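Below is one structure, written out as structure tokens; the observations come after it.
Order of writing sets the labels: A, B, C, D and E. Residues in every chain begin at 1.
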Amino acid sequence: MTLLAETVAPAAGGGWLVAAIIFPVVALLLAVAGGARFAARVGVLALPAGLAIAVAIADGVAKHGVLGYYVGGWAPPLGIALRADVLSAAMLVTTAIVASGAGLYALHDFGPPREPGGGRQTLGFWVSLLGAWAALNLAFVGRDLFNLYVALELLTFAAVPLVCLDGRAPTLQAALRYLLYALVGSVLYLLGAVLLYGAFGTLDVELLATVVRPEPAAWAAAALMTAGLLAKTALFPLHLWLPPAHAGAPPAASAVLSALVVKGSFFIVLRLWFDALPGLATAMAMQFIGLLGAGAILYGSALALRQSRLKLLVAYSTVAQIGYLFLVFPLAFDASAGRLVAGTALAGGLLQAVSHAFAKAAMFMSAGLVAVALGHDRIEGFGGLARARPVSLLAFALAGVSLVGLPPSGGFAAKWLLLSAAVESGQWWWAVVIVLGGLLTGAYLILVLMRALQEPAAPTASLRPVAAWREAVPLALALLAVLLGLAGLAPFQPGAGTGAVAAAEAFQ
Amino acid sequence: MSFELSYELLVGLLVLTAAAWSVAARDTYSATVGFVSYGLLIAIMWMQLQAFDVALAEVAIGSGLTGLLLLSAAARLRAAEARVTSRPPVMLRIVAALACTAVSVSIAATVLRLPESAPSLAGAAVGALPATGLGNPVNGVLMAFRAFDTLLEKVVLVLSLVGVWSLAPEPGWSGRPRLLHPFADDGVLRFLARTLPPIGLLFGAHLMWNGADEPGGAFQGATVLAAMWLLVLMAGLGEAPRIRERWLRVAVVAGPMTFITVGLAGIGVAGAFLAYPEPHAKSLILFVELPMMLTIALVLALLVAGPPEPTAGP
Amino acid sequence: MTEFLLAAAGAVMFTVVLGMVRILRGPGDADRVMAAQLLGTGGVAALLLSGIARGRPASLDLALTLAVLAAFASIGFVKGAAMGQDKSAEGDDDP
Amino acid sequence: MSPTTLFGLCGAALVGIGLYGLLTDSRLLRKIIAFNLVGSGVFLLFGVIARRGAAAELFGDPVPQALVITGIVVAFSATALAVALLLRLHEAGGGATFDTPADEAGVKRPDP
Amino acid sequence: MSALVDLFTVAAVSAGILFFLAGVVGLLRFPDALTRLHALTKADNVGLGLIVAGLLPQASSLLEALKLVLVWLTVLLAGATVGQLIARVARRAGTRT
């Protein structure tokens, strides 16, 4: 099974790629035209249809290996190409599932407004959700660096309003900080794209891969684009915007932001290094990116350990889990060939992205329900929670199993693949970081669970009721994260991983 | 040639002075005025680069609409900004200056060392242009070869408008933006708002229509229209719309919706999303550009106006 | 003729440079906006001169856009000043 | 020195000037202005690339020019959203910088 | 004939530049905002008017000539209005401080 296909073939079924982007766009335009009352309905109807489109693409990729499309019939370099490979398909389906879960969960907070003049938050939420979905789909299938820039900007403009839907000063501040980071990130990315175009005359990923030479313009471009994308992905030490933004947003929005939005820019980093500039990677640069990842894992986990509020803890855990994604770069670097190769490490990174998406969405949603029930999210006041809110807590714990990397979860499979890549390539120091990160993650999650299992300091009569269906959504996502290990590990067995390496090399 | 160069050198120096001023000025308001002048000067630079379409966009957006947006924000923030007296420590500023210089120098070095035989898609664009029926290659890129980007960029505009709207304070939601609250004793402004818009309307339409073959286009035309509409509203000659009004919302999505409809029709008629059947390409593009101009003009004006707020003040 | 018109464009730009001193020195907001206004008119003149000199009709469109929109920024100034005054009159500056 | 060289240097310098403002000024409106400077410096570099690519009886490569027009629209939307956020933050009592931390405890949480 | 036309252009454009220069000198030298505004509005309107007049015979088509005149009219209109508005703000600022 190849993770990255090397040739564009505008094959049958390529139209689904356009549908994956245009469908949420049409839904969001209808929502704007129809107003808040209409927006919630359009959104709910769009979710299953979008999921169906994602599944259709995954099916097409499974059959044909790759789907491609030339928008407007114009071939690159003049036109824009779209393409889906296994990597894209996995992310498209994950996004559709998490977005559907978030939408379902949000129906309570952002349902059709009751009074005619209201609906500010409802309209904002649904339009942003649909916009973020369209942007992510474009980020996963876009093959033109400027088209991907548009995807990044769409994602920013959809994500920032989600942060401050409640209009309080702290969330407004978090949103503005996020916006500024994101804008600087995309302007650096754009600068890199300018330099690549100036040196090589194309922005198409496939064409660039054939013409890029290791020369100053390419290095400068790669450095600028990577720096910009890292700021948008909130990789340590550019993570400062993330915790306040993700912790302050409404739970359904936090779930989308933490589980999906940061993956959009990460995915473009992958595309950039693996597809567009594979020959440009050097051992030193890859070790440096890995070092930042390791810093994120250790620093994020250590800070999560010190948080007294649950939502901030979950947000810092995102900072740490993003770190694992970037270990792919040193682990996938083949020193003898002097280039990145698609193999075990990339498979591990993909699985980490997917399982973290499910687990983190589940965590933010259950944290939101806990906060609703208790009226606060201070961990020290969690006594008696296990008895009062067992389902929410179970969802939280199951998601935690995947984050820590216990078998049989998706997180376990991901970390297992990363560990075996570290062993294979003899880079034992990353293995130490992975294990240490797992221990720290376990520590901060166990602290929360122990609090919740304690007897309450005061009687828990003041708990507010939470509808059972709302608790079911995070539970289902957390179960997915756990079961992913059983389903997801099969095609990515170490044997299959080496098979992917062989396949990737055969193409080069 | 050397005369030309000294003219360009002068413009370049002016641009850098205005830029440095808008960063270095102590008072934010004067920095903003500096930035507006910068927008004018950079447009002259674009003209020297022979990029007239960009120059038009830059003049309209950079100096006009952004100027209005930033100046009114600076006025409202004046007191709060003046209270900020703390500046970062000198060491930090020196480090930042060194780092930024290093970035500038390395970018400059990279640009200067680009290959002498610059790669270009100009030939390809000109070669494919007859299929679009257009005479302006920039518009060909925007409306045909990279129409997908152009369509999605309109969605960016709509998303940011909804983002701005969602910032409205709860009681003011579905009210009118503050910039458009009627403003006292405006005889002079009213005079301008009665006389200038006819010229602007005509000229905006000219820019769009002309854009098919000459520099210009829907976006540049829309900016002029947006400015005229804002002028009428600011002078109190027209009623600023409330955002709950249906016609406004429909108009906001009309452009991208038409674009998508024509694009989807392209699948059946021309074999791909956003492809135009060759004999009708130009008329289809103009058909798309008309509602797009309306949408862009509305959205730009509403973005400048800001979120609706409960009526207060005079 | 071309050389003369280009030189004239340069001369207008030069006067504009002198006027920019007012943006830097102020002292009032009105002075700065006046200087920006002069920059707008000077820019229009320079565009017309160099456009005619080089035979580029597009620069006339550019000049007209500039003429229409330069006024616009100045109106923003006036409106902004009015809003700033409203705010200080309401006394809601201090949280 | 050719005009493209000159404007290329200008573009690079603008990026540096803007970045400096972004890093050192704590006032948010100034950060927004500085971001616009960086953006227009990048656009200018695009223009230089376009001018260098003059071919086929054109004064410049139309592709980068079209990309800049798209970029200008996006930068304007970004500025408008940022300014709206800033004004709203100011009105909610958040000040004009990130230095005055918005008071988490003092603000009421909306009851769902 | 053509030489005469060119002479007219040179004369008008030069006079226009002189007016611009005068306006700038006024802007820089005059003591307060209102007098500076006075100098500026007179100078740049007349300056631009003379330049447009000088360019008219050089225009290659009627449309170009029309646009030249339109540019001047627009600047005249906007300049007059904005001048009034600026004066009002300057006066109010003057009385307040």
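Simple rule for what comes next: a residue touches a chain if its C-beta (ideal position, glycine included) is under 8 Å from a C-beta of that chain, and two chains touch if they have at least 3 such contacts.
Please read these numbers as outputs of a predicted model, since none were measured by experiment.
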Chains shared as neighbours by chain D and chain E? B
Using the contact definition stated above, find the chains touching both chain B and chain C. E
Need the graph distance between chain B and chain D over the touch network, please. 1
Ranked by contact pairs, first place goes to B-D
Chain occupying the middle, per Cα centroid: D
Using CA atom averages as chain centres, what separation in Å is found between chain B and chain E? 27
So, what's the distance in Å between the C-alpha centres of chain E and chain A? 57
Could you work out how far the Cα centre of chain A sits from that of chain C, in whole Å? 46
Chain C to chain D, mean C-alpha position gap in Å, rounds to 21
Using the touch rule from the top of the page, what residues of chain C touch 2 or more other chains? 16, 29, 33, 35, 57, 61, 64, 68, 70-71, 75, 77-78, 81-82
By the touch definition above, chain E meets two or more other chains at residues 70, 74, 77-78, 81-82, 85, 88
Multi-chain contacts in chain A: which residues touch at least two other chains? 78, 146, 150, 153, 157, 160, 164, 167, 172, 191, 195, 197-198, 201
Those chain pairs that satisfy the touch definition: A-B, A-D, B-C, B-D, B-E, C-E
What residues on chain B touch chain D, complex-wise? 4-5, 8-9, 12, 15-16, 19-20, 22-23, 28, 31-32, 35, 38, 42, 45-46, 48-51, 53-54, 57-58, 61-62, 65-66, 69-70, 73-74, 76-77, 80-81, 83-84, 86-88, 92-93, 96-97, 99-101, 103-105, 107-108, 111-112, 114, 118-123, 125-127, 137-142, 145-146, 149-150, 153, 156-157, 160, 163-164, 167, 169, 217, 219, 300, 303-304, 306-307
Chain A-facing residues of chain B, complex: 106-107, 109-111, 113-115, 118-121, 124-125, 128, 141, 144-149, 152-153, 155-156, 158-160, 162-163, 165-170, 173-174, 244, 246, 249-250, 252-253, 256-257, 260, 263-264, 266-267, 270-276
Could you pull out which chain E residues touch chain C in their complex? 6, 9-10, 13-14, 16-17, 20-21, 23-25, 27-28, 33, 36-37, 40, 44-45, 47-48, 51-52, 55, 58-61, 64, 67-68, 70-71, 74-75, 77-79, 81-82, 85-90, 92-93
For the complex, which residues does chain C have touching chain E? 1, 4-5, 8, 11-12, 15-16, 18-19, 21-22, 28-31, 33-35, 37-38, 41-42, 44-45, 48-49, 52, 55, 57, 60-61, 63-64, 67-68, 70-71, 74-75, 77-78, 81-82, 85
Any idea which chain B residues touch chain C in the complex? 3-4, 6-7, 10-11, 14, 17-18, 21, 29-30, 33-34, 36-37, 40-41, 43-44, 47, 52, 55-56, 59-60, 63-65, 67-69, 71-76, 78-80, 178-179, 183, 189, 192, 196, 199-200, 203, 206-207, 210, 214-216, 220, 223-224, 227-228, 230-231, 234, 312-314
